[in-house]
Structure formats: structure tokens, C-alpha cells
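Labels run A, B, C and D following the written order; every chain starts at residue 1.
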């Protein structure tokens, strides 16, 4: 929450200011789309550890954060990444090795938890997951919850419908609100004050932003506020929720950014291949993350030819006919 | 819920098909903006009675429905209409005379009730109204609720936060979902299948639509679906929620429709004046509602000169410099 | 310089707004006060409306919170759920100052905007809560506009629409509400505040030319007048903002 | 005409979709099946994705439900809350048919897509629910894609991610879930359905050239095979839709 007129800063500064060891964070986007990848790489590069991550289906970004050794705990609905990795590979390995403490929810539940945080209520109800292990198995024990004031006392609560059979519903599952310390989004357009316009699907980005104590927005373009205000109904996030605005062209690469560029099937598949082996993965990080100064450095490694291939077609918003095998 | 490709019909037919004696209805818009006035007049003209109305702050439209003798019960947050009528005049009179049974909520609570209906949950929580008469005084008695399966057993329920002090919250008020038999909206643009694009503020229109069993959309323009689909992120209501599409230019008149026309201060104030007196109000209805065949008839009475005065300026979306005293 | 009491009301309220505040406002004089503050003492304040518009340009004064004039050049135009979440959510909500009005108010700042007499068959029906109950429930401080008349300051409100301090100190917390509550009552005669300990209304400032006794005569309950001082009259610059910038058409004032 | 078992799977599932259905689908073969149905037996069906896109044009097959290919020329692009509300809400939800997949399924159609072994330190970790648990909780009928292997049809799933019929007839209702549940399990060998009374899985159709015994050999639990008939092989027109219209790049198939 911040009303300053100019919040533009460098990515390194934004991450250093708002993402701390042990921070509870969430990132925007979904699997292979609009993940704030430049910010994810910067977090890895700055060596920020022990993050508590709230994820619905943030495929690529979350898998790299896990792979980069930044994550201690994760609340998650889905650790998959489309065709490149039906289960995210570093995530899979971390859970199997027990290096990340995890707790499972459904996608709708995670969405509702951000929605509750944005609304300012302690919980929201849903009819999802009754009778399942999502209700029965808690990743974080009662003791761990009691010891940590940043965790609710219960994973979720099953309750009889207090309005009898209203809405023809016998029971509901209450899921607790999430208020991340920081949410990081990548959007197409933002002004210097932080008002954002997202094109294409919004996923949970808006609630993730409104629920967070601080919001870092990376964007393809910084545009004039007056321009955005010509159609205020298309600006999903007003500046009052935003702490930092960072200009990062291709900031979602190698995930896609609708109307700007497609996902890069080559890079996603190279990442998936490297992720399968600890040595290869170290080499991958050394080359693409630690070995470059910033996101432009990574883009230079990828090269103009590959970026040209994923350039969005103006009609469809994606790279028509892209070889995605 | 309807996937037919062409749902265009006349307003008379849409109202006759979906609005019945005793129907539970809600209308879109807010005080002096985007009320579906043509539909409201058609309901009055068709003499449909005993409606149960769910209203947040639908000023003009609700007041005319009450004045037209169509309303038996109303759940409402606000019966005011801006400067023309700080308290809606026919509404005020009906409550004072006891001709309409009423129950009060707050605007947020009514919004949440539609949101719950759209989400398909029996209730949503809020921190609003604890300690107030909104909690203590029920318009509909327990017995009346018990006898009517279309009313929840409780007006609302105060509950201790089941997650302890999570979100620093001790108690919440649970408000029950609303699922109207029919919701009527006026929007700027719709295609023949019912996908809608609203410009300017959305109020509660989208949830009111998604919560309803049937939705009638009146619109300024029927546009090509392919045109709307060029920017699907700006289409707030997909066709699956819509039952009928009706082309009614100036369908919100005398309330405003952003980017098309402003509210008509003269007509609103003439209505307010007439509404104060039973005889004058009868004459008003005889002239503007019963005395015309359809909405075009009303517009003809108003005349081109008055309509020209409220024409929206392309820059601001309203009639700049309009005399509104 | 000549001024009306209504102009002074707007200015007194505007002075309550701090730079950087997020201001929730309704129709009428509350909108005038919020707009005036933005042009006077709080240039970086952000005005928003329950209908979902945030930081509107307000080139012309809106006649209602759904007026298309609140949509023009806003940072964003959402809906009611967005607007109220901005207040219920503590991250943004703790920065909001609300401006409300009512038909009745009691000594603890509890307000009635619903009806006078029996709820089911009232002598006089008003508009009802609208967003007032929500704002009064959610935000840490809010200003209340009132006309100073005896019947409008009763010992007990006929219907408690919007919570002030309920039964006094700790009343909000016992009911489960967020702390906070009304910070000022601005009338056509005076400005009242609430005692930090008892949460009872007291006279803070009487307007130039208005005696504290006249104020007491226009209230059913009595308030402490011992701390009262005279309010500063409007400055020429404040009046200029009000008359030339905020409401040149004199729609509200 | 030659065909692969994977092609037959997609076609068998597509045949389950009725004209006018709203089809929830995920990535991979479920998307192929939904798209095929739209070009075959259910031209007026509406495909939507948990990411919030409704009735996308799908000129190219998406590789994920967040693929920009689901955004192009959709009726609307919202977010996850919109998509799941469409299913949880009975007005639209009762018209939805879901298509899901899993790592394990039991005889009551309960699915595991979370992990094998101890939940806290699993032998194998999968993606987790995603929207699968939500869809299985909300919609009146859904199709499940499975690879037919013994370990994937266990007596008890290691983690119950998405509810089928839980403990059998009345199980969903006792848990407080909506009625409904899985209507078909489509594998690379057969299609199974669930008995109306017991809610136990039974063999409905075995694919041409596959014996019911081979199917039983590939399951840990046994199912009734007495009602089984041979599935109709794909027609030339079905294969043409699949190969030339739905996935000409052979990205999924």
C-alpha cells in the first residue's frame, strides 16, 4: 500500500528491498505463462533462502526457485509444467528427498485463500475436497502451526452448513486466508505509479497482489498513466497495492506473455533435461542465472534468433506455427 | 445457462418469458447509472406483480418498480438516488405505508450475497455490521422464512472465527447466498449469443448475472461475436450465463450508460417531483410507461433535443458541461 | 470574507484529511470535502468510491457515486466487491479515512440512516445503509457529517445502521469489530470529537459566531464543552478552491 | 484403418461428450478428446479451462491450460476463481462434464495425483491436485483417462486427491459432496463404468483385439466383466478429425 507517484526501480533493488530470508512469497502466472521469471532468477542470484512459497500452479517459476535452493516450505496445488514436465522436476526431487516441507491444496482452494487475503476475511468456504486426503493429511503439523504465528492453527476446517440446507449444501470446507509478505507479478503494461494492465488470462494475479503486504511488478512496458487511464476498466490492479515497478522486457521468458511473446519450447525443454540431473542442473544455473548479470544477460545467451521465433503474432497473440515438439 | 448461438428477442418477449408473477429478481446498475430502465418499464407495462427484489443500490430502477406496484418484498442496502432523491420516494412511501415487506443489508453484504450465489457456496463471511441492527432486526420473520423455501432460515449468522485469531479477527458475519430467478442487466455491447462487454464501473452486475437462473441482457449495440472475441479479457460475462439478448438503444435512460449517454437530470427530477404525489405519479406512469408502446415511445416523448444534450463526450464518456442543477 | 456554514463544514472536514490518506467518500458534501482536501492540504490523497472507481480525475463534481464523472480517468474501475475489500483488507484498509453522513447519531457515534420509529412500519424511512455500515465497520477513522438538530442527536438511535463506538470504550472490540471508529462529527455549527478513554462525544470546536450553549440546545444528549475552542474560519484560499475548483457549478454547495 | 490405442482412447472419450455440454478439460489427451468431440458429435459443446478461458477458438492445440492458445478468440478470459465458480455454481455446474487423469484409481473411482508412499517423504511425487479435486467435487459427471497398469489400479490409493464415489453408494452424499461422480474410465485397453447401485467399477467395453482377461491382469482389484462388449473402432472420419483438425502437429498424439 503506497501512494507515491514514482515507484520505478531496478530489479536488483526491488528484490533486495522486499524479498528477505524467510519471507512468505507468492508469484503470479500459471505453468508456462506470465511467470515473473526475471525476478525468480534475481532471487536465486541474490541467494535469498528459506522462502515460504504460496503456489497454485506456478510451474516454471516455482520449480526454478526450488531448484535454486531458495525454498524451505511450500503450500501448493500443482507442481507441473505442461508437456515439458508433467511433474516439475526439481520440485519432485525436493519433495522425495524431504528438503522442502510441503502442504497440498487444490487450485480453487489456493485461489480462494488469496481471495480471502485480498478481501480481508480470515477464511472462505468451498464445496471442494470433502472426503479427500487434502482434508485429512496436513503437511504442517499442529505443533509447527502453533509455533509459527505466520501459519493458521488449522490447515482447513470442515463445517456443517450453518444455513441448514440453503444452496442445497450440507457441508463446506473453510480455507484460511493468505497474506504474503510479497507478491511478484509480471504484467504487460504498468505506469510508474504501479497501476497495471494484464492482457489475456489473469489467473490469480489480482488477488495475489491485493492480498500481499508488498507487491513487485515487473512489466514489458512502462506506459504513461494517462494512457492507461483512458480505459480504467481494463486496469485490474490500481497503484495503491503496488510497492515497486520494474521495467523488464521479456521478464516472463521462457514462459509466455500474451501479445508479446510465446513460451520458448527449446528453453523449457533444456531446463527440464538439465533439471533431471544435479550436475547438469548446476551447470544450467551457472550458465543462465549465476553466469549473467541480469535478465538481459540471459536473453543475450538465448540470442535474437530464438527470441524472434517466439515473437507474438498480432492476430492471435502467440507465435503462430511455432515448432513446439 | 444456455449455449444457443442466437438469443436475440424482443424486450416484451424476454420479460414475458423470464419474469413471472412472484419471481425473485435483481437488476443491474447503481443509482443513476446503467439501470435496465427499458426492462423495468416493460415489467410495469406487463403488469407483473408480487416480485421479490434483491437490491444493493439500484436507485432509479427499483424505485420505479416499487412505484409501478410490482414489488411485494425487497431485500435492500440502499434506497436512494443521488441528488434527485436522497431517499427514493416511492420506496420511502411504500415502506412507511407497509405495502412492501423489506429487509435491510449493507451494500457489501448484498454484493457478497450475489458473489456467494455466483460461486455456488451457501454463504460468505464479512467483518461488516457486528453490533448493529442489521444483525439484530430481521425484516422477514423466522416463521416467514420457514414457510418459504426460497428464503434462507436465517437473515445472517454471527460466528466466532473458527481459525482462532487468524487475520486478527474475532468474529465474522455470514451472509447467505442469493440466486435470483432472473437478473436483468443493461450493458454497452453484447453479441447475439449473450457475451457482454461492460464499459466503466461494473458495480455488482457480473455476480448478479452469474448467480441467476436466467439472465436478460439489454444492450446499446449488438456486435459481432468475433469483434468481442478480439479482446476476450474485456468481456466480463460469457454467453453461458445468458438467456436473452435484447437490442434497446438508450435502454438505461434516464440513467446513464458510460460512453453512450449521461443521466438526464430533467427526467430524473421530473420523476422525483411526480413521485411525491400519488396523482402526479399516476399521470407520470400513464404518460411515460402505459402511454407508450415500448422504450422508443418514451424516447420519442422525451425528444431528440433532450437526448442530444446528454450525448456522451468521446473524451470523458459523459456529457461534459451538462446542466445538472 | 463571507462564507456559508455549509462551506465551513466542507473545509473543516477537508482539514481532517492527511496527505497520503486513501479517502472513501460518498455523494454530496462528503465528496466536496474530499475534493477540497486534494486541492488544499492533501495533494497526494487518493479518493475512491464504493462503486469501485479509484483516484478518479473528477473534472466535474459527481452527483452520485455511480455518476460517470467518477469513471473518467480513474486508475481503475472495478465494482463494489473491489471497493469494500480495499477497506476490509487491513493492508489498504488501515490507510483509509471514511466520510459518512446520517439521519441520527448518538453520543458514541453510532449512526442511523435507516428509519425513525418502528423498523417494520417506520414513521420516516431513509435510504438505509448503503456502504455506510461497511465503512464504519472496516476503517480506522471516519468523519461524520450531520445537521445540528435536536432530533438528529438523540440519546438512542432508532436503528443502529453503522457502528460508532457502540456502548463506549471497548464496545467495538467486544462486538468483534476492528478497532477504530469515528474521529470527528462535523455539523453546521461545530466539530465534535470522541474522548479517548470514554469514547463519548465532546465539543472540540464551535464555529465563529456560534456559542457552545447553542450547540447544546440542538442536541438531545449533553456533551462536554470544556475543551472547546473556536474553529478557524475558512481562508480565502480554501474558499477559492471550494468555489472555483471543486464545485464551480454550485451543484452541491 | 490403422490406429493407435492412444487415438482410440481420445475417440472413446470424445463420444461421451453430448452436444450442448460444457466441457472442462486439462492438458494433453483430455484436450484432444474435448476438441475432437466439438468437431464430431458435439458441435455446440463449449470447452473451458481452469485458467479462466471459455470457448477458445483453439486454432492450434494448447500444450497447457495456460497456453496463450487458449486465450485467442475466447468468449471471455477471466481467472481461476471464475472457472471454478462455473463448476461449483449449480446453474452452470450441472451442465459441465469434466475430463481428468490420475496416477492411481481405486474401484470407486477415487483418484490419486499427489504421491506414492508416505505423504511426507514419498517414493514418487506427482503434480498434486491442481484443479482435479475441485472438478471431481463439483461436477455431475466426469471422464477419467488412465494408463492400464496394475499399480495404477490399486485396492487403495496412496493419497485420495480427487473424490470418486468414496466408500461406494451414498459415500459422496455422506461426506457432504454433491452427487455425481465419475461416469467413465477410459484407458489404453478399455472403458470402465460404475454400477448404478454399488458404484463399483465394471468393464463396459474392451478395445478391439484386447481380451477382458488382459484387462483384469492389469488391475490390482477385480471388476465385473460380464456386461462387457467390444468398443467400436474409430471411424475414418473420427481419425481424420483427430489427425488433421485437432492435432496435425502431433504434439499430443
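Rule of thumb we're sticking to: a residue touches a chain if its C-beta (ideal position, glycine included) is under 8 Å from a C-beta of that chain, and two chains touch if they have at least 3 such contacts.
Every value quoted in this text rests on a predicted model; they were computed, and no experiment measured them.
Q: Any idea how many Å lie between the Cα centroids of chain A and chain B?
A: Spacing between the chain centres: roughly 37 Å.
Q: In angstrom, rounded to a whole number, how far apart do the mean CA points of chain C and chain D lie?
A: The computed centroid separation for chain C versus chain D comes out at 56 Å.
Q: Using mean C-alpha positions as chain centres, tell me how far chain B is from chain C in Å, no decimals.
A: Chain centres of chain B and chain C, defined by C-alpha means, are spaced 27 Å apart.
Q: Which chain A residues sit where two or more other chains touch them?
A: 120-121, 126-127, 167, 169, 172, 179, 200-202, 233
Q: Give the residues of chain C that touch two or more other chains, as numbers and ranges in rising order.
A: Where chain C meets two or more other chains at a single residue, that happens at 53, 71, 73, 77, 81, 88, 90, 138.
Q: If every chain is a node and every touching pair an edge, decide which shape results: line, ring, star, complete or other.
A: Looks like something else, not a line, ring, star or complete graph.
Q: Hey, which chains are touching each other here?
A: A-B, A-C, A-D, B-C, B-D
Q: Report the residues of chain A in contact with chain C in the complex, numbered from low to high.
A: 1, 3-5, 117-121, 179, 193, 195, 210-213, 225-226, 228-230, 232-233, 235-241
Q: Which part of chain A faces chain D closely enough to touch in the complex?
A: Touching chain D from chain A are residues 29-34, 56-57, 59, 76-83, 86-88, 91-92, 95-96, 98, 104-109, 111-112, 115, 126-134, 136-137, 139, 158, 167-172, 200-207, 256, 258, 262-263, 265, 312, 316-318, 320-321, 324-325.
Q: For chain D, which residues count as touching chain A in their complex?
A: Residue list for chain D touching chain A: 27-28, 50-53, 59-60, 63-73, 77-81, 84, 88, 90, 114-115, 119-134, 137-138, 159-163, 166, 171-173, 175-178, 249-252.
Q: Which residues of chain B touch chain A in their complex?
A: The touching residues are 116, 120-127, 152-154, 157, 159, 161-164, 166-167, 169, 172, 174, 176-177, 179, 198-202, 233-234.
Q: Give every residue of chain C touching chain A within the complex, in rising order.
A: So the residues of chain C touching chain A come out as 20, 22, 44-46, 53-55, 57, 71, 73-77, 81, 85-95, 138.
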